[in-house]
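Labels for the chains are A, B, C and D, by order of writing; each one numbers its residues from 1.
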Amino acid sequence: MKRNTWQEYQKEVADDNYYYLRSCIRQNFFPGSEKAFVKIIRDELGRNIFDDPAHTSCTGIGYHSDIVLHETIMTVVARQFSLMQDAGLENAAVSCITSFGIYTEVLETWREFPEVEERIRENLYKATGREFYKPRNLAHTSDIIFHHREAIRDRAKYLLVNRRTGEPLRGVEHIGCHYAKIFPKEGIGGVEFPYVLAGMIEAWGGTVVDYPERRHCCGFGFRNYLVQANRGYSIGNSQKKLESMAPYKPDFILTNCPGCGMFLDKWQYTIAEIEGTTYGEDGKGIPVLTYEELAGLVLGYDPWELGLQMHQVDVEPLLNKMGIEYDPAAKYLMPNGKYIGRPAQAAVNMGVE
Amino acid sequence: MNYYDHFVIPFVVGTAFMFAVIVWKWGRWLWKLPVADKKAIVRGVFSLDTLRAIREVVYESLLHRKIFRVNPVLGYMHMSLAFGWFLLIAVGWIEASVVLGTGTPLHAHVFFRYFDTAQHTGWNPFAFIMDLLLLMVLSGVALAWFKRMRSRALGMKRTTKHVFIDRVALTALWLIFPLRLVSESFAAAIKHNGGFLTGGLGSLIAATMDSAVIETLNSLAWWLYSFALASFFVAMPFSRYMHIFTEVPLIFLRRYRLHSTAREKSFDNFQIQACSRCGICIDPCQLQNVLNINNVQSVYFLRDRRYGKLDEKVADNCLMCGLCESRCPVGIELNTLRLNSRQKSIDTPALTRYDYLQGIDRSSGNGKVGYFAGCMTLLTPTVLRSMERIFEAAGEGVWWADRDGGSCCGRPLKLSGEVNAAERIMARNKELFAKHGITTLVTSCPICLKVFREDYNLEGIEVIHHTEYILRLVHAGRLSVEATGQEFTYHDPCELGRGSGIYEEPRELIRMAGRLVEPEHNRREALCCGSSLANLVIDDSQQSKIGSAVTSELEATGAATIVTACPLCKKALARDASVRVADISQVVAENLRVAS
Amino acid sequence: MPQFGFSISQPRAVNLDTNDFVPAEKLLRELPELQSCIACGSCTATCTAGNLTSFNFRKVHTLVRRGEYREAYEQMDKCMLCGKCRLVCPRGINTRAVVMKIKRELGDYQR
Amino acid sequence: MGKQVVIVGGGVAGMQAALSLKARGAEPVIVERGDRLGGKVAGWHKLFPTFTPVEDVLGPMLQRVQEAGIEIHTGAEVEALVDGGVAVKGGGRFSGDATVICSGFDVFDARRKEEYGYGIYDNVITTVDLERMFNEGHVATVQGTAPHRVAFLHCVGSRDEKVGAHHCSKVCCITGVKQAIEMKKLFPAAEIYNFYMDIRMFGPGYEELYRRAQLEYNINFVRGRISEASQAMGGKVQIKAEDTLIGRPLKMTVDMLVLIVGMKGGASNASYAAGGLVVADNGFMQPLDPFCGNVLSGKEGIFYAGAVTAPKNIGDSLNEGSAVADRVAEYLKL
């Protein structure tokens, strides 16, 4: 990738004092990621972050599936801001790309139509007796990791470098559509040349592969996945991306959106089952990671504590390349030692122990 | 006496081979004829048609009357060769029978002068006649040589480019008669049995040569003559000379009403192999004389088709204007053969093809007279408007089949070789006509007219072109045309004129409206406008070139208006015309006399 | 194979990297004027068949030129070869020959 | 000594204005910001629609300017309009009895259409770059190979609300056709695709050249704007568009993507506006009216000629160079 990425789209990211807004689905798809985020911010970087048990779903999936009204979701968002106000914080750190898109959209709506904001304030007050202020800084948690990428590198135990050859590992990145496609100025690097994940990969010693369908949607598309009959379209989009990236032989896929990570991972299994195609080395899949998982690996966290065993495509080839020491026998054990069972063998992870 | 000498072997073998091949070919073709054709033959054999056929064989195969009409020199050349040779055989057979008696083998007749046993003293009338005939044939051969070298002198701009087997046969044919002259002269030198020609040459030989030398050369000459005959006979069934014999059964079969159709059948072979490749079809072809395309004319088309080398670029590159067909001395159905050669290669429509026409009826109005404008007429609204005025003036109730867009008639598809597909469209149109109960179907498009008449089998519905219809209205007093001082010239559309035989109706109408000046080529000789749907190959500029050549000829008449009776011709001529181009219906509609 | 209840949708995009241009190029070699089409739509507007059913000659021959033959194969059968389109084409394209060639090259007919 | 006329810009319009004024007895002074006369045309290789080498047009013109003894100041960028003349950067003034502004246009900065990746991806170039390559006599991809597939994209920076350009740059269509033909001549085996929204062939011989591009050079014209480009392997560029004539999206990989960049109002127009002249909505200078006042600014003593008022081709600019001399002569009572 060329060095001269657009400088136009830069973004201010708060350095400390975050109010954490978790993602509904990430906690299921990648259960170790959000835990790792809090750990990195709080323990590694010594920053203040408030993980509020009182906040709720942003209802974004319901909104994009036409079952939650605009008015409703704006009120829900207002309540989250009210909780942030209670915590005395001003910097919203949003874990989910859908939520991030929702928050930016709501704030933009209020900016353009102050009377709507007034109405929402009224709604919230009538419903809960709450008031709120708007965040001073709104960032996606990948923005925050990007912001601290050099600090993480300073603490790195492993780098994105092939231990055997010394070559940088090749990463392809995939940015969630709602990160910057709705409001390009809200994303680092904008929509055409996103740099938020690329910056992490480069900072941590890897190299970013620019492949033709880099900007293409993963295919989640809410209703395209949620309605079973439409899933062929969803998987078709993932396949288009996988086919486009495969010739570059990437060592891993890095995502910042819960849906994208999920689908680029799980659809690899489905495609292999339906038509026998796999896209990684040796007939296996391409490992898919969240940025927290990647940061966690760089910082030397245990892969199973990061939840990497929950991925459909096995991550061991990547761990081996990075030279990460791990206990293969512990992969399917809970921290208390209880066996959680292992999935049936599938084409995308055949032969990995 | 067995009248045998070794030199007769080539002749005997060649003759036997030739007749075997011809019998086998004809037999196979006849055997493969459809049942209906076979029945027609059986019905025809014992009718007057057989006598008519015999007369035609004499007129055409021997005397070449048609070629005489087209070109007397060419006619004489063909007649001297065909009829002369026939008489040589016939008179020679009589002479041999008289001298040698009956029951002698064939070769004894053919080589009679060699086997002649009579003692000759004084003037021999047979020898005189035979020499006269030989001289006549030789004059034909000389003309043929001359034609090869200088065709223009015989009124042909171009002659046919022949294939190898034709050249072999031709060479043999050219050698036969000079060799016969030489052989018979040598025989006459020995036996003194020649006439004024061979006898004279014989005396000269006898006077100048040693008798032993004469004996040797005599033998050699007869061997060569026999070889020449044999070569010709062996090559003949595979060369253009197959036409000599094939034309005969063709004449009979045609008299028995056998015709080629849009689909190939074995009768086509009689037509194809009856082509003598005389090349008369080359000169009139507009593709040749305007566009300089030299390999697609009927003679080449038939040749390529006969030898199984027909390229679709040749088959598809024909205007099917019918000009060559009208000139063909053998009367071969050239358009039909062209058409069915296209059908063979491409016509397998899907079973659901054109199902979309089902139930579509955009017709309007009511009446016993149906009017089918045709696709092209929809692009010439003046014709449509004129017909409206004419119908109105005549007080005719009309059912408008396609004024608001209708189906195609199917002929363009047929012309493109998709006969089966065309029939699917025709069936839908027939349903429509039947549904609306019309008794007369008028069309403005000669292309539609032809297909309605020839392929639709519209029982109870009379199909006429608007020229015929308008004239009828005039004759019935329902319409009258005001005379003007204008001058008109008329372009005969191919499909209307040569295609449907309608020449006089439009002329009669024009004369009512003004003065008619005929262009150089008219009626059966009329030129094609170039936009014919039958040609799938030539491009736009080529079409326009042909069109402007025709337009120039029409403009040369000095007439103020070029009249035609086909929307396609109208558009083609108007492209390049500096005078007005109008349809016949326009001329009538504009000059309707108000009923008093 | 597990039953997923759906299959992988194929992209609708015309892929000029993978399409086979051999038949299209042959067509254009024989009828080069087709390249001068300016997509005015006259052919389609005047089309006898197109006024009776959904048939768009302009679109079909454009598809063929892009190497998309399957749709063309199905579509060209609707044409009646009446030749009106040829009369209205401002670029003088021998449209009937285009129809015939597309059908022949695309295997509509058994040769 | 005749009356002095300051001519801002030494492109074809400026030179023609100077020549015509000189012939009428005025003393024109050309103030040119670049280091040579000739303007944008000087960077071109061959001219549409005749493929005439630029030297054949500019050469004789420069010679005539020289022979006429016209005063020329290069490297002088006008900073402001002042009473009776212009002030240039770094100090200095040129005064005259009239001023003719012929400062032309700016080429659209293709980087602003970031979805095409100009300046980011290999082998995404502009028409200006391609002309430079033609001039250098070496057209090749960044990898040094001969292109097998080239796509031209019309209307980059023209007719595009997203970059604030509602106007048509007029000459790009024919430029795209000209360059496509030149590429085909250089690389006969290459496939050339031109992606267009409308083909606007306004000049004599233009439509004919378009037709030749189709018929003789087998250039493929696809109606549809490229929506995005991305880098593919080996320096190729993957492009996506809709073929609007078949109503289907289309994608392909090309060795070279040429962006046919449009014209926009010159950056110096702002300083004219500061001097009391009117800049039109499209960023070009607003002449008094598009008819008889097409070379008048509306302000006494200040005139326009050439592409400073709207996208124009060379012929139009030359005509205005002559026309403006008429109006200046009238004004100065020459």
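The definition used in the following text is that contacts are C-beta pairs under 8 Å (C-beta built on N, C-alpha and C of every residue); 3 or more make two chains touch, one makes a residue touch a chain.
Being a predicted model, the structure only gives us computed values, none of them experimental.
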Which chains are shared contacts of subunit A and subunit C? D
More C-beta contacts across B-C or across A-D? B-C
Just give me the whole-number Å value for how far the CA centre of subunit B lies from that of subunit D. 66
For subunit B versus subunit C, what separation do you get between their C-alpha means, in angstrom? 38
How many angstrom lie between the centres of subunit A and subunit D, each centre taken as the mean Cα position? 46
When centres are defined as mean Cα positions, the distance from subunit A to subunit B in whole Å is 83
For subunit C, residue numbers touching 2 or more other chains are 11, 33
Where in subunit B do residues touch two or more other chains at once? none
Per-residue multi-chain contacts in subunit D, two or more chains: 253
Every chain pair meeting the contact rule: A-C, A-D, B-C, C-D
Residues of subunit C touching subunit D in their complex? 11-17, 28, 32-33, 35-39, 58-59, 62-63, 65-66, 68, 91
How about subunit D: which of its residues touch subunit A in the complex? 114-115, 117, 119-121, 228, 230-233, 238, 253
Using the touch definition from the top, list the residues of subunit B that touch subunit C in their complex. 312, 316, 345-350, 353-354, 356-357, 360, 375-376, 378-379, 405-408, 410, 412-413, 416, 418, 425, 531, 533, 536-541, 568, 571
If you look only at subunit C, which of its residues touch subunit A in the complex? 1-2, 4-11
Show which residues of subunit C lie in contact with subunit B when the two form their complex. 33, 46, 48-49, 51-53, 77-78, 80-84, 86-89, 92-94, 96-97, 100, 103-104, 109-111
